[in-house]
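Alright, structures below, take your time with them.
Okay, so chain A shows up in both of these, paired with chain B first and chain C after.
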Partner chain A sequence: MCTRSLKMPARYRRSVSAGVGGGVLAALLALLLAAPDATAGEIRAAVRDRDGKPVADAVVVAVPAAGTASASHPGVAEEDQRNKEFVPHVLPVQAGTRVSFPNNDNIRHHVYSFSPAKTFELPLYSGTPASPVLFDKPGVIVLGCNIHDWMVGYIYVSESPHFAKTGADGKATLGGLPGGDYTLRVWHPQLEGGEQATARQLAVPSSGAVDAATTIGLVPDFRARRAPTPGRGGY
Partner chain B sequence: MKQARSALPRLFAGRVSMARFVAHQVIVFVTLLLVAIQLVTLVALNWAVSENARESVRKEVEVGRRIFARVMEDRTQQLTTAASVLASDFGLRQALMSSDHATIVSALNNHAARIRAAKMMLIGLDRKVLGETAAGGNGEHTLFPYPRLIEDAERKGAASAIVLIEHAPFQLVVVPVLAPVPVAWVMVAFSVDTKLAKDLGLLTGLDVSFATWVRDRGWNVAATTLPTPATRTLLGALGPPAGTTAPPVAANLLGADFQLASSVLGREDDGAVVAILQSSLRDAVARFDALRVILLVLAAFSLCATVAGSLLIARSISRPVSALAEFARRMERGDYDHGPPETRSDELGELAASFNRMRLAIAAREQQIKSMALQDALTGLPNRALFNERLQQALGIARRLAQPVSVLLIDLNRFKEVNDTLGHHVGDRLLCEVADRLRMVLERASDTPARLGGDEFAVLLPAASATMAEAAARKILLTFAAPVVVEGRQLDVSGSIGIATFPEHGDDPNVLMSRADAAMYVAKRKRLGYARYDASYDTETENHGRLSLTGELRQAIARNELVLYYQPRLDLASGEITGVEALVRWQHPERGFVPPDQFIPFAEQTGCIRDITQWVIGRAFEQGARWRAAGLALAVSINLSARDLLGPELPRRFAELLASHGASPHWFLLEITESAIVDDPVRALETVTRLHEMGFSLSIDDFGTGYSSLAQLKRLPVAELKIDKSFVMDMARDPDDMTIVRSVIDLAHNMGLSVVAEGVETDEVRELLYDMGCDYLQGYHICKPLPAEQLEGWLARGAAQHCNKGEIT
Partner chain C sequence: MRFGDRVACVALGLCATQASANLLDELGVELVYDDNLTRAQLARDIKGDLALAVSGEAGPRFQLTDYDSLSVKASVTGTKYRHYEGLDNLNAGLALTYRRKFGLGPYVPQFALTGSATRLEYDSRLRDGWLYAAEAEASKRVSDRLALHAFVRSERRESDHTPERVVPFIRANVFDLGSRSVGIGADFACAPRYLVSVGYTWHRGDIVSTTQRNLPIFLASSAIAADPVFGNNTFAYTMRARTGVASIGVSREIGRQATFGIGYEYRNSRADGGIDYNGSLFRATYLYGF
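So, the complex of A and B:
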């Protein structure tokens, strides 16, 4: 489960998946852990672009028609800055999650967001700031670094606890869903049109999986060029 | 006087005009040539300059256009970068994202001022204007008026365009506000103003104008580097405001004087911004003005120098040419005394030298011609013409001064003989000697000796009476007394002088001369030495002197006044008359009988002798043939003169006569004198040989009187010698003559020639000759010359008697 994976200690994840995006790891864990929970339904989502190519880093959110159970407690999450990139590129969290921004580079970063869902600023720092940032309003928060224009990260704050991020194969599995009707939405940083346009009703059985294939349009990625790093000859 | 004065400048003008003309031609030609060359050069240069200027301006504009495009591109890039940097400013972003309109506007104002932007605008992703500089803060979000720019920026990350904002041109740059993904757009506007135009003008080197076109308002020049009048011109050229779309800017908008390039910077439906780059061709051409001025100055200078130089050269030619022309004119007038004016070392000097040589040669020849005309070539004395002239002058003076003038006419005695026997060269020397003596004997400078011709001299004695003339004549005769020695020979000179004096003997030169002539004849005939004219001389000269007229002699032949007499000659061997000598006689109708020695010598001198000989031959052949027909075998001797032997006519004539009479050459004997051979031995010998070949026998007449040599005699194909009667007549008394006769007879016989003795007048002589062995005798003792019929009678009567006489003796 995604939520569970988010609870995993950062140190552990760092040890097992150095260099691998946290989102991908979470997806793998979700797949691994899906089988034992046989009493819950699950959505096997697949996101493709209009060319039929699998779309990675798409966030699939299932909102139960009955409303969100308030019982769930959002935990904490981490958005690393590693090699002058936000890792993961897309971090879906449930509203109320506190996200810490550890700086794994040996330089300082200045993380900010002008997004209405959460406007914040972590002025130049190194290491892990003292307090994580609380994301309590659903929405998309675009993360930037004031020092490095090309650094872009997305924190998707979901009002629903049921969400997952597609892997490289464009697939994501939302497990542990109580049976019922859901509204399924897909969001992606380059999503063409609004997220609401991708919304679809979906009935999830109490047990078993339902496939949900979604095709989305992508707009070109708009990112500042990465400054050349001395001695590396590239971005 | 007046005429002379007016003629002088004209003469001067004429003198220099020819040379001036040459000089002018030279100058005009050189000047025209130079001007033509310079004109061509200037035209070519002008063409090259304007062509060059046009080309360079064209290139300048082309380069300027590229620079302009590049600069505009760079500027766009710079503005975009600047705008991007500005839009990345964290503070700005914070302000922009604050959603507080007042904050946004103030931030825009602040940052616009930072990059000196004219305007700045914040546009939301929904293309609504979120805020802008210098705008009222009503907070109403209008749509961004240039949506295309946003579209561009979405595609490329940034966009730029030049647009009209309230009819003013601005360059707009739209960049995203990245947070870090685009969250809004910032538009930055920079005015397209005169400063930009100036910057671009500096970079391109052209005049840069930004023209705007707005529908219904037309063209406006928003910014320019041009001065105001040029701006007005440009605006005027751009045209009226009509039209609904921006008209294109033609390349020849400003005419041929300008090269321009235009670039549409921005175009909208109702407006456009056009950049016009222009360069004045005139300015480019003006750059060459200095060169042109230098060239013109050079041309003027070279023209002046050439004209001056050619003037100098032309004058240096024309002056000596004028001088030479003047010199030639002097020669034309006959003034040979002065040479050409100056000597130079060039061709003109050579010409002058040639002129000078010509002058000397002409002068010498003229002198020669003059003297030939008036002087006797042989003696150098004045000739008859000059003498007559002087006589005329002297008479003129004498008449005025009432003075006498005397004329002496001198004729040398026996000069003809000297000439005939000793040759012309001796005669010539003799004449020269006479001339010298005349010159010597005449003391007064006015006394003029002259040679009138042949051996005839004259002396003019102005202001001399007859008595004085007689004294002069005596002196002349005295100087003649000394013999003249020519080639070792002593020749006696004697002359006969006739004197006539003005006014008593006549007042006309011709009359005087003829009277002097008459006096001279008398002096000669009477051997007086000199004679003063007397009226009685006129008849005497008539009788003797006038016989010499050629016409009369010729008439005598035509009128048949001549008669042939025949003198027999006795053959001593047979005692018979075997031949006769034909002798011509003149029976003058008025004068009666004229003896041969009065007309034969004259006929020989004038050449009339040839006609006489012709006549004689004809008659002799007739008579000879008649006698032969009658049985009389008489050989007829015919006398030939020297002149007869000089041409080929004679043998031809003989051949004709032989043929026409059926005669034999043996019937005739041809007699020639020694002197006939002496004159022209070659031709004479030729004729003689020819006659001999024809069969005629030849005889040497008057042998012993001439100067022929034995060598000559040896060459002659003669058969006999006739001893001159001067030896024969007195031989009985003069032992010398006898010795000569004997010697001649011996000589002749030794040479195989027979001998005839002439002038046998006495029996004694006849006897002597007989004893000496002479072959034939001729003379009055035998018989005098008789007409043919008388001879025939004489022969019939007494031939035997003569013959017998001969035999007996």
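So, the complex of A and C:
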């Protein structure tokens, strides 16, 4: 079992710019940013379904009661297309993040979203589109490919910088949290009912961890089938 | 522009729009039991058998625009029968399909036009020949659980060999056949991994029935030839018939790219002179899509 410890999603890239001659300063700054915050608290979240099975690909979001005004600058994230699937299946990002959609298949894809949080279309392309897509409105974006109807992916845009995605063990760690009161929410592509129904208040200590176990109901996933269907037509 | 130049331009255009080209697109293994291979009416003539079929298909797909594609598929199917070795066959075909999607997303209507030619090679020379088909299909996924489709199809089969006439003035090329079909079908996801498929096809055209000498069939037939595949003193009769085929099957997704399914098909053919045939077909199919 491995617990994922993510201040930001693994695919998230944050860049630190350094001027000419500022290499040492930049390295020190990077070390400071990478060093664990001795005064930070963390939430060890565990998400299970009603049968007690761990739920992977659930997004756990912690919203500070004091508001989400954050000086953090979301970077660029990637939503790949590999072997005619979106990888990762669920990509959590902070509002304001730009997401690029590199196509790593040797065929072309046509990516689109009808979701109110972000409606966009990347007509037939191969390689990586020139400019990433900006996701500035919190919400869930359902991705599709118009060439391969079975391809479905999700981008969860969080208003809070504190979020993480559960691994196969249903666990996620939200670290680097300033102590205080938070609202914890869980979202999953098959979540039964609304995300708000999972909201709960949680006090996070200034240092140390707090456990948060959540049980969610899941609805069946009836996405288009990729595998061929036997017995279609014919005499 | 000369014809050769035009062909070169089209080829270059297609290469530029190429969307996919796998070594193999689909692989299938199927066990089929047909309880009336002879399409016969009388119990003495009805023969059933179990067959194992292995098939594969591959070919490039050219995405012409965001909504139009053209695919070329080469397919090979080998079928081995348990008892009637004369029916063992190896078919190789080439199909060209134009597909149009009327909009964006999985729920928009789709239309496909397919033309195909298939080489039929049987153990019995009588059945060797070519099968040409043209098909138009419209389909629509109406909800996340239900998809509908309808098609019209025209087939023409031409045999290589014209056997010796059994009856003077009646042609002997029994496997020169023509037919037209109209079909509808639905796929319903009863559970996330399970799909129930139902369909019905109306088929009007030639069928071949192999029986012992039979006066009513003789009077209704347009071609007759000796057909030793099902024993001595059996004859293949070609006749016009109206056939209805009802099918139902359930398939389970295995992983994301494979399915295992079982299916049942009921056929009923009615030819002139009150001739009526029934048959049932049972399938167990494994398919893998690349």
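Just so it is clear, the second predicted complex is superposed on the first by the 190 of 235 C-alpha atoms of A that agree within 3 Å, B and C clash if a C-alpha of one lies under 4 Å from a C-alpha of the other, contacts with A are read in each partner's own complex, and residues count from 1 in each chain.
One rule holds for everything that comes next: a residue touches a chain if its C-beta (ideal position, glycine included) is under 8 Å from a C-beta of that chain, and two chains touch if they have at least 3 such contacts.
Just so it is clear, the model here is predicted, and its values are computed rather than measured.
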Touched partner set for A:Ala66, first chain B, second chain C, both or neither: neither
Residues of chain A touched, compared between chain B and chain C (which is higher): C
Partner chain in contact with A:Val142 - chain B first, chain C second, else both or neither: first
Contacts of A:Ala168 with chain B and chain C, given as first, second, both or neither: neither
Chain B versus chain C as contact partner of A:Ala213, first or second or both or neither: neither
First (chain B), second (chain C), both or neither touched by A:Phe114: both
First, second, both or neither for A:Ala197, with chain B first and chain C second: neither
Contacts of A:Phe222 with chain B and chain C, given as first, second, both or neither: both
Contact residues common to both interfaces of chain A (with chain B and with chain C): 110, 112, 114, 144, 146, 149-150, 222-224
Of all residues in chain A, those that touch chain C in their complex: 85, 106-108, 110, 112, 114, 121, 123-124, 144, 146-147, 149-150, 220-235
In the complex with chain A, residue positions of chain B that touch it: 88, 90, 93-94, 97, 157, 176, 178-183
For the chain A and chain B complex, residues of the former touching the latter: 110, 112-115, 119, 142-146, 149-152, 189, 222-224
Chain C residues within the chain A interface of the complex: 19-20, 26, 28, 30, 61, 63, 65-67, 69, 101, 104-106, 137, 141, 144-145, 149, 151, 153, 155, 179, 181, 183, 185, 187, 189, 191-192, 195, 197, 199, 201, 203, 243, 245, 247, 249, 251, 253-259, 261, 263, 265, 283, 285, 287-289
